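Chains: A, B, C and D, in written order; residue numbering restarts at 1 for each.
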């Protein structure tokens, strides 16, 4: 799936369901000498909404993404469509926020370094200074912005400023143990990705492994979701579980949970980076 | 694991943790010329409770389970132990309760018929008449005891009477869509096994697949648990999940869920039938 | 996914990769007043082959599938396309072949009866008489056609005749413990679905659970595949595994394996019945 | 699982099956004022061999492991038992061997640093210099010992020397892309742990992901096993799989496989470090 000098695009769109959507869109693509190499499509029958994701190979010479998008706009307008076209070769910029647990961060940094997860990483921001050494070893700027109980608002404003400096396309909360304030959720709507260390909606909030041990469940899990104003209730991107037994202590669960948290976050983040997710109400359509 | 004419026993016990438990118990077993072929053991450090399950091969001649148990009683008394010794060859008697969904029942009947699940089945009881033909094909008595909204108490009393006639060791609610009254839960404490069609504690109560679809989870599950007075909150025996996607309808989930419900119920029931479960507070210790 | 009186079609096609395939196909569909409700698409870069599967909702009045197909033919011809268009409401006809193990058969019959697996079942054929009662309870004709060691050819010819009488769209080997002769494989190419009780390519041939126990694997599996001339080497449709431990006997594995065999076969068969599989060389493209 | 100043021991043993083993062993333990907190036990009926693993809490004062072991020896002698008693607080020493793939190494180093995997790490040895920086960041000595095609014997002798300097209890081949010579396998019998990137016995040898892609399997896996003279045929400790689809390239499989390789190796290594594995012929009994 490499590119040479041709451009690969992703088109992600939704609109009211109506006849001829695919014909109009694919007709336009063919006219431009481009071709569709991957297609995902879903029709929600209750809301009569149509969702699509195309990967498009464009001609190797004389192609302009701006002209292509401009031309597509007139098609999309006739369909009253929400859409975006992105150049696959342009990596998204991320800001990663962490507290003191290092496993998700270490995982993302390693996968980023070897090229398994394609993103730019202008900044890691933390309310603690604990993980500075790890981050700086990878050559990434690390910013310690404390969140003080007595003035959380000030802490989040400073954090928001640091985020803004990084100009991220998306924000990853890689075990950031602070509840994101509503105004920040709204500002980066459907662009803040959290990993919660339980199988939601079980065990919302603090200390989910303690809650799991208390309830005596036989599987523990992790959930990657977009952050919304309501705690741990945003659209779910990805989930997974692992088996536990009566003799697993909370510490064992925390250890076992790390692998699940890492892989669920990485899968969810990859879906986001590859524009595979369309949010529909409080649910995620994932063209995996 | 065949028997010839020797007797295989299971010893299941718990007591306060103290030195020498294993030595005393295994010493007694050795004295009787018997030997331990499987051992499960767990020590709960918070409650200082010790749990054990032994499978014991006894001598082929001159062995009496009554004498063995009588002798063991004096050991157990010194340890202030809760215990039971069962003869593996004696199958437990079950009463199965169902409503109209047939998949769990069909699964249990098939596995019972081919000898995969060892139990006696004196009776299937239902608040509907729908599954009579299926049950009677297997040669099992089927009792239709309706539960009428306007007099549930009468319905449950008639049901309890039918259960009593069957004299079951355990009761299986194989998708019995009625809430068991507290007095019946108490009467058969830790002997009523339910299959709930969600990954508990997510989606307690009615229509869990509808709840799952509404929340947009990426895995659906099933939970086998002992029934207690609080709805869907009893000790969890076994759980499992299967993957769903945005394009799965509630009907798809119900279809996919059947396999999970069946296998989770069968695993949980097997643990119960093989005396592998010790209930400790609201949790199950399962020597699987 | 209900139908009212409109017709839902499936278009399954492959051709050499070239620009404008989607535009031509979807353009034609739009012209006919129909719309694409599900789309699966794959491009194999090595062989430069394009594969597609569309689900198409047609207009409620004045629609003729014959006219639609006739018109599509001229588009397809310009693309040198292999294709078929099927009416979703027309169930495929199956012939199921079994020997003496009943679990896969019992599973398929139950799922068929409750409408979870949509097919017509004109005939169950077996080289033993063991499962007659089960099959006839479901009101399905049962044919016992023995395969005698001393004249297998005659047995298979009689079997082929019985299959032909059933005029099946596909044949399911639901634990049919006979090696299908090459001439039968060829006659029903990519239409004979087998369930093999191992994770292929591990443990080809006879007694895979014995082989698994001998090797000491920690997971056992099952594989659903199309039958070809080479034993257990045909295109793989679906696979799954379950965990085993050192204390699981071969008998335990056989018991645990049943659930995996059933669910893997049912998933694979469903893919086939819903025209989700395109065979490419020795591999299956599955638009799941 | 905390220690205070008492000593926790592990007793691992096997002998011919005979009456009274548990009684004798647990009787001795009780006599010494110690108690059994975890018990694993297995009886192989074909070879009439008995296997056991006990975790033993010893008295807080006046306890000597040497005296305890000395006393146990006379019991063990009467049973003709193979046995070892280890002090849980004494971490095993590992030598890790790698080539150029860094994921398993990075995973082990991270888990080691945060205390999730308890071992001493005197040395990482590699036939390449690629991973030096990573290893040295963790403060671990890194030794580059090339294995040259034209004189592999010399390379392995130098490697063996470096291993000997580290005096390891076990050797981990964390994607060491060299076939261990028989004399080294024999020298460290059942102490060399390999991670193979396929679900064995499928895809033995080189490039298993290429083999998996070629065969069109629907799950890929990893296997942790002890290294023996026959390539990828040693006793299997642990295995797991992950799902792949027709559109996964070999590169995708390699990326997806990393998580499985890491977690399977970590689980297998943990079993080894906690003395949970008893090798019996070519199989592993794992008291997990």
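Just so we're on the same page, a contact is a pair of C-beta atoms (placed from the backbone, for glycine too) under 8 Å apart; a residue touches a chain by one contact, two chains touch by 3 or more.
Because the structure is a prediction, the values reported are computed rather than measured.
For chain A, the chain with the farthest CA centroid is B.
Comparing chain pairs A-D and A-B, the larger number of C-beta contacts belongs to A-B. Taking the mean of the C-alpha atoms as each chain's centre, chain C and chain D sit 42 Å apart. Work out the mean CA point of chain A and of chain D, and you get 37 Å between them. Note on chain placement: the centre of chain A and the centre of chain B lie 42 Å apart, centres being C-alpha means.
Residue positions of chain C touching 2 or more other chains, listed in rising order: 38, 42, 247.
Residues 1, 17-24, 26-27, 29-31, 33-43 of chain A are the ones touching chain C in the complex. Against chain D, the residues of chain A that register as touching in their complex are 1, 38, 102-103, 106, 110, 114, 116, 137, 247, 249, 255, 258-259, 262-263, 266.
For chain D in complex with chain C, the residues that touch the partner chain are 42, 199-203, 215-219, 221, 235-241, 245-247, 280, 282-286, 288.
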